[in-house]
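We just call them A, B, C and D in the order they show up, numbering each chain from 1.
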Amino acid sequence: MTKVDLGVTLSSLKLKNPLITASGTCGNGKELQDYFDIERLGALTVKGITVKPSRGNPTPRITETPAGLLNSIGLENPGIDKFIEEKLEIIDAYQLPVIVNISGHSLDDFAYLAERLAPYPQFAALEVNVSCPNIAGGGMVFGTNKELVYKVTRIVKENYPGTVIVKLSPNVTDITAIARAVEEGGADIISMINTLLGMAIDIDKQAVVLGNTFGGLSGPAIKPVALRMVYQVAQVVDIPIIGMGGIMTARDALEFIMAGASAVAVGTATLINPDAALKIIDELEAYLIDKGIDSIKELIGKLIK
Amino acid sequence: MTKVDLGVTLSSLKLKNPLITASGTCGNGKELQDYFDIERLGALTVKGITVKPSRGNPTPRITETPAGLLNSIGLENPGIDKFIEEKLEIIDAYQLPVIVNISGHSLDDFAYLAERLAPYPQFAALEVNVSCPNIAGGGMVFGTNKELVYKVTRIVKENYPGTVIVKLSPNVTDITAIARAVEEGGADIISMINTLLGMAIDIDKQAVVLGNTFGGLSGPAIKPVALRMVYQVAQVVDIPIIGMGGIMTARDALEFIMAGASAVAVGTATLINPDAALKIIDELEAYLIDKGIDSIKELIGKLIK
Amino acid sequence: MLYKIVRNEQIGPDYFLLEVFAPHNYNRVRPGNFFHFKLSSQGFDPLLRRPLSIHDVNYQKKRWVFLYRVVGRGTSILADFKEGTEVDILGPLGNSFTLTQNKEVTLLGGGMGIAPIYYLLKQIYKDCRVNVFIGAKSKNEFMYLYNKISELGVAVNYATIDGSSGFKGTVLDIWKSKGSRGDYLYSCGPEPMLKEIQKIATKRNMIGEFSLEERMGCGIGVCLSCVCQTKSGNKRVCKEGPVFSLEEVVFND
Amino acid sequence: MLYKIVRNEQIGPDYFLLEVFAPHNYNRVRPGNFFHFKLSSQGFDPLLRRPLSIHDVNYQKKRWVFLYRVVGRGTSILADFKEGTEVDILGPLGNSFTLTQNKEVTLLGGGMGIAPIYYLLKQIYKDCRVNVFIGAKSKNEFMYLYNKISELGVAVNYATIDGSSGFKGTVLDIWKSKGSRGDYLYSCGPEPMLKEIQKIATKRNMIGEFSLEERMGCGIGVCLSCVCQTKSGNKRVCKEGPVFSLEEVVFND
């Protein structure tokens, strides 16, 4: 069989293939291990960590929408201390690059989380989730304001010596302005997109469906929006992009790669089929062989001039 | 059979039922007439009119996405003069309320269109589409900037004596700020949402699918986002809302109504089934009868405190 | 994985019996486990899988048996699956009931909670003294199950809301009328029912297990959609559950 | 409207013949008309309908006949429809070919453009001298159609790209090799083919009609997705078309 190269490099992050499992949809990898050898992944991103432990939102936390799903997990997590105490060991045992996703309610939160994670070179990168509401700043979401997102990026970079990924919220008027601010703030990589804010109503109960009223929309429904944003951002920044939002098949992944993403992440797809990412890796390989393309790198940003 | 009241009133607009066909998806009504008696509709909105005639964007202008569709028609229309010359007659013959949808590239455009349409009381209302790029203002879209949207609203109100609806773009960080600006500008009604900006790539051709690269995403895929925005806006404005975005069934329509919409519009649904709006009217009636509710008005904004 | 459907038959109002051929895995399932069914074969709508408990295993024919009620879109689509076609199922998932050696065991199933009860019963009725209580809206909703349990030689106490057969009331009413007894309780059903059982059990120092239902994303423990509250914090219904010990579950007020 | 499928059979590589029972409307269709097929029965994915031209009408059995090629998701789903099930079809839609009284008529069908040609041919072959030219990639792609046309007693000129049968080349190559004749041309096929036909026809003062294809939203004229350029401005392929007079169509360079 022909050997094709699926390897990609994003800043200092070297991945054997461009498939990453997205934060919040792959636990810490342990559960997926029952379904396939997770070492085959390009990388894995753990569920978002906050300073304090959080029990998350009330149930129902999930509801299906046409070709999409709304979730309002609400960042349930053990908090940074317990994460380091208990999860580090699990992650240490993996060979594959593990990305830690962090969320904060204030600049101090982000600084603290970055500092706490700084001593652990076993993490491949820090992914900064800026879609969380900024309580201190008056309820605005960090990721929707370019000054705030710049500050968050800087403070994390100042406190963390490794690779920093900033994950963009799509709920903004101009995604390119946010992306530029992130680049100026010193981020090494941009990942995008997080979920679109949505909601659902149960007309029989005359009540909102989700315990938290609003939820984040993910899955195939949002793919056109995610792809457009990746394409727009790829034209204005020089740092690499991890693309995501509704990727279910290798064809979807290739759309993002051609639009400018150097790697892709799958979230919702894993919830439907635990080995979705693995299948995409295999399909990507088959695609390259079929088309006589030696390396996936040749396709990155194909549509960007 | 029990008689239930489907009638709704939005400012000075009185509709015998809350179902409106959305702009750009029902022509001028003539074609739909072959499928059902359009007089049964609450109202009909004609395709967007601009000052000058426009041939629209190159084809392909449409592509399917999971539970959604992307269109880039590009406001093909005969221009205001020909519209008044040729279409007025058709519309005059209808008993049903007809809403005229207008689009401009500058404040002057909007003022001119409003002025030109002012002498025709046969139109039930003017719907101002602010999702069009504002060339003069540097490519920004009117509908994504609260100062601009305020100005557009004011200028239309100053030049048009009848009912003015402003149709919001969902591609914004804070839809409530835009809605408030529209209310302050003097709009009588808000309609929402227009399409989400998206794109698609043909990986075999390694090219964008749509002739215009970007397109507007509509259909069931966007319903959760549209519903969330209607719910948010309903809490901050006092003027009535026409809700739309992915409504395919009476259950969808009821979600929007309970979220605060006084009327609803269907767009994409009509493309799949020409009589989609009619079926929803019938189903709404059946629903009210079944639940023993006398008037649809009782359900408007049920979830808004 | 794809499994061939060998039976998908309506056996009551809105109730269906589904049998799939699982030649390699049929005996890998335990009472209380559930399976996650993918229902869209061509597109992404409906997107999520749907959970169903194991209702029985046919060891001779190497089949898993499910009992389900059509309540919404997913289960309607499932009801349309024809015999001979294949369905994508993930599982068995979740934990299982503890097979007790206790002497007097009480099984309480309300609504669709009757589905998992049968396979559990089959595994314990020979070793224990079992009391079975099932409840439904109307008689024809559980006639199928009533007959099947009776075939085991086990007596069934049943209640119907409409009084069309048996005791008029809920499964709790009839259990109470018989003295709310049992050394060990197994129970599945709507939350209010479980809550009341917990109250009674606590008062009387009875122990036992609940099988809980919660909306699921993945069914495999990665998304945290399906949590329930317990005395030791949030637990995932799909992973640490669906079976929890009666005393550890914390219900909302 | 729902129509019962009475035949859905593979008749060549990727080619299927679909027959639906239309007891009330079967004779309301004209050559060149198309129908819009809804393919998702349970959800909203795939969302849009798919257009197929009328290929034939079976008057005895009151059936519409379609010839289609599986090219993507929609047509794959259609190929899975079982006989006896129903399919939601809108139509007939669009305009139709002008049935000329001209003496020498040429029909040119390339690729899937062969589908609408047959029903047109059936309506005119008795009144005119017809020359039929069809082309495909390989022989077995049109054997079905070749046989059917031959049964009418009409000679078929055919070309295959791979030379597996008939003339080696495109339908245009064989037409040219025979002198590019015809008083009136009817043609369906890929745009580059139509463009070249237009060039030749203009040079030789031939007239005729094209059936065009464009991506459609509604198929009924309300969305303006499907426009083509003509000498008198944009026209909707689904409404003013799909048939346009040869000379009015303006192709992009």
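By our rule, a contact is a pair of C-beta atoms (placed from the backbone, for glycine too) under 8 Å apart; a residue touches a chain by one contact, two chains touch by 3 or more.
Note that the structure is a prediction, hence the values are computed from the model and not measured.
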Joint neighbours of chain C and chain B, given as chain labels: A, D
For chain B and chain D, chains touching each: A, C
Remotest chain, chain B as reference, centres from CA atoms: C
Centre-to-centre distance between chain D and chain C (centres being mean Cα positions), rounded to whole Å: 55
Whole-Å separation of chain centres (CA-atom averages), chain A against chain C: 36
Whole-Å separation of chain centres (CA-atom averages), chain A against chain B: 34
Cα-centroid distance, chain A relative to chain D, in whole angstrom: 47
Residues of chain D touching at least two other chains: 43-46
Residue numbers of chain A (touch at least two other chains): 65-68, 219-221
Category of the chain touch graph - line, ring, star, complete, other: complete
Interfacial residue positions of chain B with respect to chain C in the complex: 66-67, 220
Contact set on chain B toward chain A in their complex: 65-68, 70, 144, 171-174, 196-201, 203, 206-208, 214-215, 217, 219-225, 227-228, 231, 246, 251, 254-255, 258-259, 302-303
Chain C-touching residues of chain D, taken from the complex the two chains share: 40, 42-46, 73, 77, 80
Residues on chain D engaged by chain B in the complex (per definition of touch): 38, 43-49, 90, 214-218, 220-228, 233-234, 239, 252
Interface residues, chain A side, partner chain C - complex: 24-27, 31-32, 34-35, 47, 55-56, 58-69, 71, 73, 76, 219-221, 248, 268, 270-274
